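Structures for review follow.
Paired with chain B in one complex and with chain C in the other, chain A is shared by the two complexes that follow.
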Partner chain A sequence: MTEIALAHPGVRSPLRTAVWAVPIAVLLVVVPWLLDSYRTIQLEYGLIFGIAGIGFNLLLGYTGLLSFGHAAYFGVGAYSVAFMVKYLHVSSMELFLLGSIVGTLIVTAVFGYVCVRYTRIFFSILALSLSQVLWSLAFKFFWVTGGTDGLRVPTPKLLGMAAGENEDKTYFLSHGYYYYVLAVFVICVAVMWLIVHSPFAKALQAIRDNETRARFVGLRIRSYRFVAFLVSGVFTGIAGALWVPLNGLVTPDAMVWTFSGEIVFMTVLGGFRNFTGPIVGAVVYNFLKDYAVGFTVYWQTFMGVILVVLVMVLPTGIVGSAKLLWGTARRRLAR
Partner chain B sequence: MTALLETQKLTKYFGETHAVDKVDFFVGQGEVLSLIGSNGAGKTSLVNLISGLFPADSGKIFLRGVDVTHQTVQARIKAGIARSFQIVNLFDELTVLDNVALSIFSREGKTKKLFSLADHQGGVWQEAHDILRQFGLETKAQSLAGGISQGERKLLDVAVAYALKPQLLFLDEPTSGVSTREKAPIMDVITSIVRTHGITAVVIEHDMDIIFRYSDRIVVMHQGVVLASGTPEEIRNDERVKDAVFGPAHA
Partner chain C sequence: MDILVIHLFNALLYASVLFLIAGGLSLIYGVMRIVNLAHGNLYALGAFATASAVGQWFGGSNSVWLYFLLPTGAVAAAAIGAVLEPTLLRPFYRRPEEYQLLVTFGLLMILEDVMRFIWGPYPVSATVLFEKMGSAQIGEFIYPRYNLLVIGIGGLAAFLLWAFIYRTRFGVVLRATSQDMRRASALGINVNAVYVQAFTIGCFMAGLAGAIVVPGQSAVLGMGVDALVLSFIVVVIGGLGSLEGALVGALIVGLLREFAISTFPELELAVLYLIAAVVLLVRPAGLFGRTT
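Coming up: the complex of A and B.
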């Protein structure tokens, strides 16, 4: 068993993974004590979008389906929390997460049932269209959703504990809530890591590469795509649920198609053919956008230029390019 | 000879074209049967119907006496039908080893598992390595399927189907696109494996040297119907086959 396992290229030594994972984990733990609150919260946004990114990438990188509608699931996660606050007076973050998982499961099941019947541009446009339907509902049903005014979400209770009475909200968000987000992020990354290294993910990659052949090794294509769609949507929904207390408010903007584009951007920026790419992309994108907004009023143009340069110069994204460079350097050193 | 597969008046029309026209076809248990005919004779269409790629317009398909005409591709695979393709169909961005392992994962129902590590399925990898060894592809195990030679791709295409442990294996032009020198070694490997494991094989092929050398029986198709069926010797001497398939020059 060991002999065969080592013969398989996918097997990674836990020690090798620990070499880079442990320092990053330590760094993430001490961030609130190294950076100011503003930067810590920026990183927190990055981690949350990272969860959405790895969820999105299960579809793009592993299944070969490009969704331009993932803002819908992010929005469903966020609105689920807001509805629980408004209509059920819930304040527990754990219940928020549970509610957002149930909410996104229902929506992705309906949307997925329709979308996974198609591939390529048809899938992308259908996902986009359905997300816009949801956006328009959030926009027009203002007596339920608050319309463009949105719905406010106060500071939640974490593990049954409320923030201290005299505790500054910014301090809470950059410390207590940061660690909560970090813990959920670690759990989500661990679960997704397990999924993408499972036989199920091998089947997804096979479907991505050659649908006909995948059918003729006995795979029910739509079922696998549907499950991938569900998992992807739920991860994005969890990200939405974590995002809304940080933002304090959810408006239909969380569901608009341009935000779906941002999720695509983050994933491409980091690299969609590797596991960590979307996480790195989400964190970098968040800081990049922050700097761009402060740098120029034409920040969208600036980001657009970056995207064009990225696709032309670094098609494998930051992580893909770093791996290539590292591989080249190692080969040269070995000579 | 016991029938493993039988079709009754199997029919498929594409518009005005009668691709498969009321075909009664029989494959005996354990034989290596070749399906020949000129381009457009309906050979690949017949295999596509039996394997489930297309639905039949009418007629029946029986596998060991069980009607599988309306079964899904997956159900037919479970029943024991597997196939390779005329134009090689592989998972090009996966390794050669992964291509074969995926068939095993699928056969064992393990592809439904989201929360178990593929790398920890030692038995699957062991079997995949064994199959690659049988097909002479062991040294290419870690290469990407998209990066190996055409002859190796042809073999891998068959290995992926073989890993499903079929009872009936359709091989659609297993030596097309490879050099003449490579054809016989490829067929040697394939026929040795199917005969050793008692797998019934139906081979579509255009190379008559290959056909006559490796087949137990030959079925000739012409314009969507079965023109003749018999041993290689009988087919070689059949005047109708000479006229319809080999052309007047061979007659």
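Coming up: the complex of A and C.
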């Protein structure tokens, strides 16, 4: 798998990136007029999970650590917002984002301190166990968290402006809030793009590919992993914060470990060996699941079979496979 | 004083079930280095199979022979395991661990729905076995005799497993494969066969755990996912891949949980996870784990 990373140096001219990035950006901007509000909101969920996905992928794809506990940070982001509504009576979305960043930063710092001592399967299980601590607390301390009833989160104020008095909530979520999510999404993607093309991410990749050599070069492995863990958790927390107003409610289900599994699923679906994979995976996963749930009560089988087939046949995911096909096609044409 | 005995029995009851689940998980990891995320679902499947055998098909009968239907779940889980290993898992031994976890996560989703499809969304129970045995008098308290049977089965399973692994020829082969698969293969051991057998035994244990649990509590969807996480705690404390570890881990978790429930019930689960984290900090490979 290291060969894949080496074959594509990853740094491209900005012009070539713009060729496909600009049309996609334009498409995303006009979506509320192209699709009905239901599909727009589904896409919104997809974008939000995409933020969680690129955060998660900093650990899986770039650092080589598979966390089966990322739902915890998503949930911390979501619950931070709900607590701010319930106890501080805040209604500004910017404060929500700030609060959830601080909240996830604290939690990931504690969990990360423990988790980054391990790698491979032990890391996965430890991350899972710790995330379940939070889940059980959210589940049991019902007088604080509302237990399985969860906490309700009303429509927030965006940039200090409340939604119009007689504005329909669905309209607000599929237009005003959509652009807010899109803006945060673009900022997150841009920041993550800078991170993964920085020397920091190169060091992470070196550690992933050969820990011993990286240590000989003089990298402080544990602190690199710790910082990666922090960044990864905070991105997932931001996704959680954006998700709550859209969902209107946060329950312990946002923290349960099978939801962590879904985050892993999305990332692998898109492909974790490249930057855009998790985003594509998250959007596709969301539409796929929505379709499957509407189609049959046995949607889990449908998704499970997709996952098994995917891992067996297309381990590089949608984006990885598409790149492979594109490369082959181009070589054929050039001949 | 008697109340302490009751607490102790409850702890042992819980530990017996946990040992069977976690022991199976650990055995499978020890031999083929795979963490099976669908392991909890095999436990649930065992519970459902026994419940329908005892409660639905033969619900009317009232004979002692019903107890011989108890292992139905274990046999069902073992049969599924024997099919799954060669078909689904074998292609993944050479792939990185991430893929192994993912494929078993997919399996978890599928098995969950298979159970929903066969048994429907409602709880299934086999309480007749539980009620038939009545209660024993312990001091001034009464305690269900069936629970004592479960503790007995747990103890017996632990002993048989120990005898099987350390006192039989197959056990030697199993341990050799676990220590060095390639060398074992070079010495003429059919590693593929050992893998199937080990996986089947592991699934049998999970199924047996489900089977002995179900007379006392109903089989419900989602019980497997909860059980899996608890057995993770056990193997993390005891050390992944070690059966002694699974036994000690199950006892620790059983005792701690009983203590937590009777003193501060809200923290029941959190305490267990925190203990697991503390053990990992102090002894990264678990109490009985091998550092590889």
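Please note the rule applied: the second predicted complex is superposed on the first by the 324 of 335 C-alpha atoms of A that agree within 3 Å, B and C clash if a C-alpha of one lies under 4 Å from a C-alpha of the other, contacts with A are read in each partner's own complex, and residues count from 1 in each chain.
As a convention for this text, a contact is a pair of C-beta atoms (placed from the backbone, for glycine too) under 8 Å apart; a residue touches a chain by one contact, two chains touch by 3 or more.
Model, not experiment: these values are computed from the prediction.
Visitor: Let me test your reading of the model: by the given contact rule, A:126 touches which partner, first (chain B), second (chain C), both or neither?
Guide: second
Visitor: Look at A:227 in the shared chain and tell me whether it touches chain B only, chain C only, both, or neither; answer first, second, both or neither.
Guide: A:227: touches chain B, not chain C.
Visitor: Is A:88 touching the first partner chain B, the second partner chain C, both, or neither of them?
Guide: After superposition on chain A, A:88 lies in contact with neither partner.
Visitor: Between chain B (first) and chain C (second), which does A:26 come into contact with in this model arrangement: first, second, both, or neither?
Guide: Touch status of A:26: no partner.
Visitor: Is A:215 in contact with chain B, with chain C, with both, or with neither (first, second, both, neither)?
Guide: first
Visitor: Quick one: classify A:200 as touching chain B (first), chain C (second), both or neither.
Guide: The answer is first: A:200 touches chain B but not chain C.
Visitor: Just which bits of chain A does chain B share with chain C as contact spots?
Guide: In chain A, residues 1 are touched by chain B and also by chain C.
Visitor: Touching residues of chain A toward chain C in the complex: what are they?
Guide: Touch list, chain A to chain C: 1, 60, 66, 68, 114, 117-118, 120-122, 124-126, 128-130, 132-133, 136-137, 139-141, 257-258, 261, 264-265, 268, 297-301, 303-308, 311-312, 315.
Visitor: Enumerate the contact residues on chain C facing chain A in the complex.
Guide: Interface residues on the chain C side: 35, 37, 88, 91-92, 95-99, 101-103, 105-110, 112-114, 116-117, 225, 229, 232-233, 235-236, 240, 265-270, 273-274, 276-277, 280-281, 284.
Visitor: For the complex, give me every residue of chain B touching chain A.
Guide: By the definition above, chain B touches chain A via 51, 53, 72-74, 77-78, 82-83, 85, 89-95, 97-98, 101-103, 105-107, 110-122, 125-126, 129, 141-142, 160-161, 164.
Visitor: Enumerate the contact residues on chain A facing chain B in the complex.
Guide: Going through chain A, the ones touching chain B are 1, 4-5, 7-11, 191, 194-195, 197-203, 205-206, 208-210, 212-220, 224, 227, 231.
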